[in-house]
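Take a look at the structures below.
Heads up, the next two complexes both have chain A, just with different partners, chain B and then chain C.
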Partner chain A sequence: MITAPTSADIEDVKLPMIFIFTGLILFVFAQVILAVNIGHLAKGLPGVPMLLSAAHLTLLGFATMVAMGAMYQLVPVALQVKLKHRRLTYPQYLLYAMGVLGLSFGLIVFNTSMIAIFGILTVTGVIVFVFHMMSTIRDAEKGPIKSGVFLALLFLLLTVLLGLTLALDFFRPYLGSWHEVLFHVHILFGTIGWFTLLIIGLSFKLAPMFTLSHKYESRYGPLSIHLIHAGIWVTTIGFLLKQQMLSCTGAAVILLGFLCYGVQMKKVLDNRLKKKYDLGIRVSLFALPFSLVMLAALGAMGFVMNHAVPVPALVYLIIIGWVSLVIFGYLFKIIPFLWWTYKYGERAGQKGVPLLKDMMNEQRGKWWFLILIGSIILIAASLVTGLSLLAQVFQVLFVMASMAYTIEMANVLRK
Partner chain B sequence: MIDNEKVLEILKNVIDPELGINIVDLGLVYGIDVFEDQSVKVTMTLTTPGCPLHNTIETAIMHELKEATGHTNHIVELVWEPQWTPEMMSQAAKEALWGGR
Partner chain C sequence: MTKVIRLDNRGLKPPQPMIRTLEQLELMNSGETLIIHNDRRPMFLYPELDELGYSYETEAHPDGGFLITIRKP
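Right after this comes the complex of A and B.
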């Protein structure tokens, strides 16, 4: 006999929400810091402490925080397993949140002791999370979802361990010229290894589920994971050996992996039964072609204008145009879904109970996304052309749109 | 007194919250057993294994059956074989999702 949601199920919803809303608030803070300091980025100086703080608040405070909360909810659904160590979840949140906040503040004031101490705390929070997730997925059925999630967790661990290595170098210099090399590997592991493989792995479940897609060809999915994984290591070896041809080859393999993922998603969409799928899912699937086109266009523009690859603008596009936009898209779907299930799941279909589609105003959402995406394009273009003031103006617009988006999400909890 | 046909009609009031279509037209109901004591067993599946709305749908079924029979002595059994396919949907459901595709 199947019963109504248990207290554990209800608790399930509070846990991801805490992570998600912490992440959204920290994202806004990060974008405010970036608004004040984007001039340095426009001048090609990404290593300025305030920018490092904004980057870490965005990647650790927002993207990883949200990913952790979402994974506590999604991994059991996607892989049909139960969380192995539920009691670790809230302590892990506290450990990680304290670590990230302290680390970000330490970077702002560039206090090397703070950076080291809170870096260790952050890494500890991540290790607890990775241990929990690895234990949880161990018995799951093999396939591209499990592979993507497993590899993503591995790269998360490597990213933060590298980050700690770099933080300790600030505290007691010992890496010399290797600092910059490892910094590049750190960015690669984080953006492509952790975030991209996670997004790709989970989307193999989420996209067909929310578009009601069946009987599609699925070989491009595993291929995309293998190519991106291989590409990461080839690129890394290229960085370590300082062989530009090798790192470019690795980047090309990663790009091929992205294209395979795009093909796979197209096959899912071509076989969908739901003609009109939700705005959030549309945005999250749009983020990939959008980022690839923008990377190509702005990369070419920068090369033509300055005879150099505009690395800060491209990294900005990967972090905001790809990773953050995908997350915003999925959250637009996931937050109302989770909240409705928590608040109305037991009374679904009864008089006076709102429908799932009533939880979010898609018309208003379209405007927020248009402003967010438009701002990203304008900011990235301003960074390539070195126009600091314009970049700042558009970044302020982006901050306002992010705040509006966060308020929109918070309003769901009032319904 | 209820019978299989009546239960099927009752289950048409249970709507998949994500798709907005009732579970009978979606082809999710595999079997209905009505026992002498008017308790009912519904054998059903979901469109996606691990679907997070399974508790919601099952609660809605129990609610509808309770309204119809006056008691809660019913069972909802979730199965994954045979796996749900779009061919199990009614034409009405297909049209609601995509104009008859």
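Right after this comes the complex of A and C.
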């Protein structure tokens, strides 16, 4: 069974929860900033500092923050190892949280020294985390889970180091035209290298665990990791040498990797014993095909309408439709489970003790996810068509839905 | 005398213990009892048992690990 904390291990639950709830609150802040500034995005100007702030609050403040907290909990379980330096965890949280808050605020007011200083703080927080995780997984069994997690950590480090390079360029310009190239590599490393490889690597353990699947063919898993990894480098070299054919080839290799991942997931899910999917898992599984279909549809729509790839809408989709939606799905499962384990785990089965399903109302959950997903579709479509007012209206709806989600998650802790 | 089956899940990696347990339960008849010996409290198993309507009790085993007695309704 999953290595579970006993009720004596308060620290085991407090740690991921602190990361998770900080992340959720910062997500709402980010969405509020986006609501005010979405007009710029609709007009095709994603590089505006306010939008950079919203993006970094979402990617660093929410997604990476939640990933860190979740990894402290999940990596030991998925790879059957113990955290190497437990005492680093809370200091790392403080360092990182302060860094991200300062960086985001620095971007809002566009104070280049603030951006540089808090950028350095953020990178330090990440370095501590990566060092801790890498030493923790060093003794783990070789396989696609270990490779996926290792590579994801490596790309996280590279992404933030690139980010720092770009931040320093704001402070004292030295990159010239390299700034744009490195910006693209930064985004590629972050979205595909860090988030996607992490989600894929961990899902190789979590999907079979949550759906009780075994005895499935597993060669597509390692293949998908290798393909995506190779594709990232080919695309990067294409960016650096400004060779579009090369970067397109790299993108195609990455896509092939995604396909292999899809095949592997199908094999796992086809062999599952637990026929019914929990709502959270359904949403997380849905996020990838949803984003791919939306990316294709909106990409085509933008091309037909404006003869150009609608980059702002696509970036929005990757950040909110893929990364954030997957996380929301998993959190819907993880938060009630962690809390229930902590509070009632030792008394499970005894009369009068609340059940796991008493922690969360799945019916209400269905509505939020519908509103969340619906808003994402409408916002993305509005961005492609350049209708800023409409995008803003739907974004406000999204803000309210994310606030409701956060409050409901917090209410789990009162059960 | 109701039939009692014992399953030793110690040393197995997740999700093996849970899969073995649920597969064994499926093969059993109403009223029969399954006692599993696990390294840790099977936190993931409990909600599954709740949903399937099984009653169960957990106690620490003197040699380490936990014994979970599961009764098929």
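Keep in mind that, in the parts below, the second predicted complex is superposed on the first by the 407 of 415 C-alpha atoms of A that agree within 3 Å, B and C clash if a C-alpha of one lies under 4 Å from a C-alpha of the other, contacts with A are read in each partner's own complex, and residues count from 1 in each chain.
Operating definition for what follows: contacts are C-beta pairs under 8 Å (C-beta built on N, C-alpha and C of every residue); 3 or more make two chains touch, one makes a residue touch a chain.
Computed from a predicted model, the values in this text were never measured in an experiment.
Under the clash rule set out above, the superposition-derived model of chain A with chain B and chain C contains a clash between the two partners. Using the contact criterion defined above for the overlaid structures, shared-chain residue A:P208 touches chain B and also reaches chain C.
Once the two complexes are overlaid on the shared chain, A:Y72 sits clear of chain B and of chain C alike.
When both complexes are overlaid on chain A, the residue A:F394 reaches neither chain B nor chain C. Of the two partners chain B and chain C, more residues of chain A are touched by B.
Of the two partner chains, chain B is the only one that A:K275 touches; chain C does not reach it.
By the touch criterion stated above, A:A348 is placed in contact with chain B and with chain C alike.
On chain A, the patch touched by chain B and the patch touched by chain C overlap at residues 1-4, 77, 80, 208-209, 212, 214, 273-274, 337, 340-341, 345-346, 348-350, 355-357. Those residues of chain C lying in contact with chain A across their complex are 9, 13-19, 22-23, 38, 40-51, 55-58, 68.
Taken in their complex, chain A has these residues touching chain C: 1-4, 6, 77, 80, 208-209, 212-214, 273-274, 337, 340-341, 345-346, 348-350, 355-357. Those residues of chain B lying in contact with chain A across their complex are 13-15, 17-20, 47-60, 62-64, 75-78, 85-86, 89, 94, 97-99, 101. Taken together, the chain A residues at the contact with chain B in this complex read 1-5, 9, 73, 76-80, 205, 208-210, 212, 214-215, 273-275, 337, 340-341, 345-350, 355-357.
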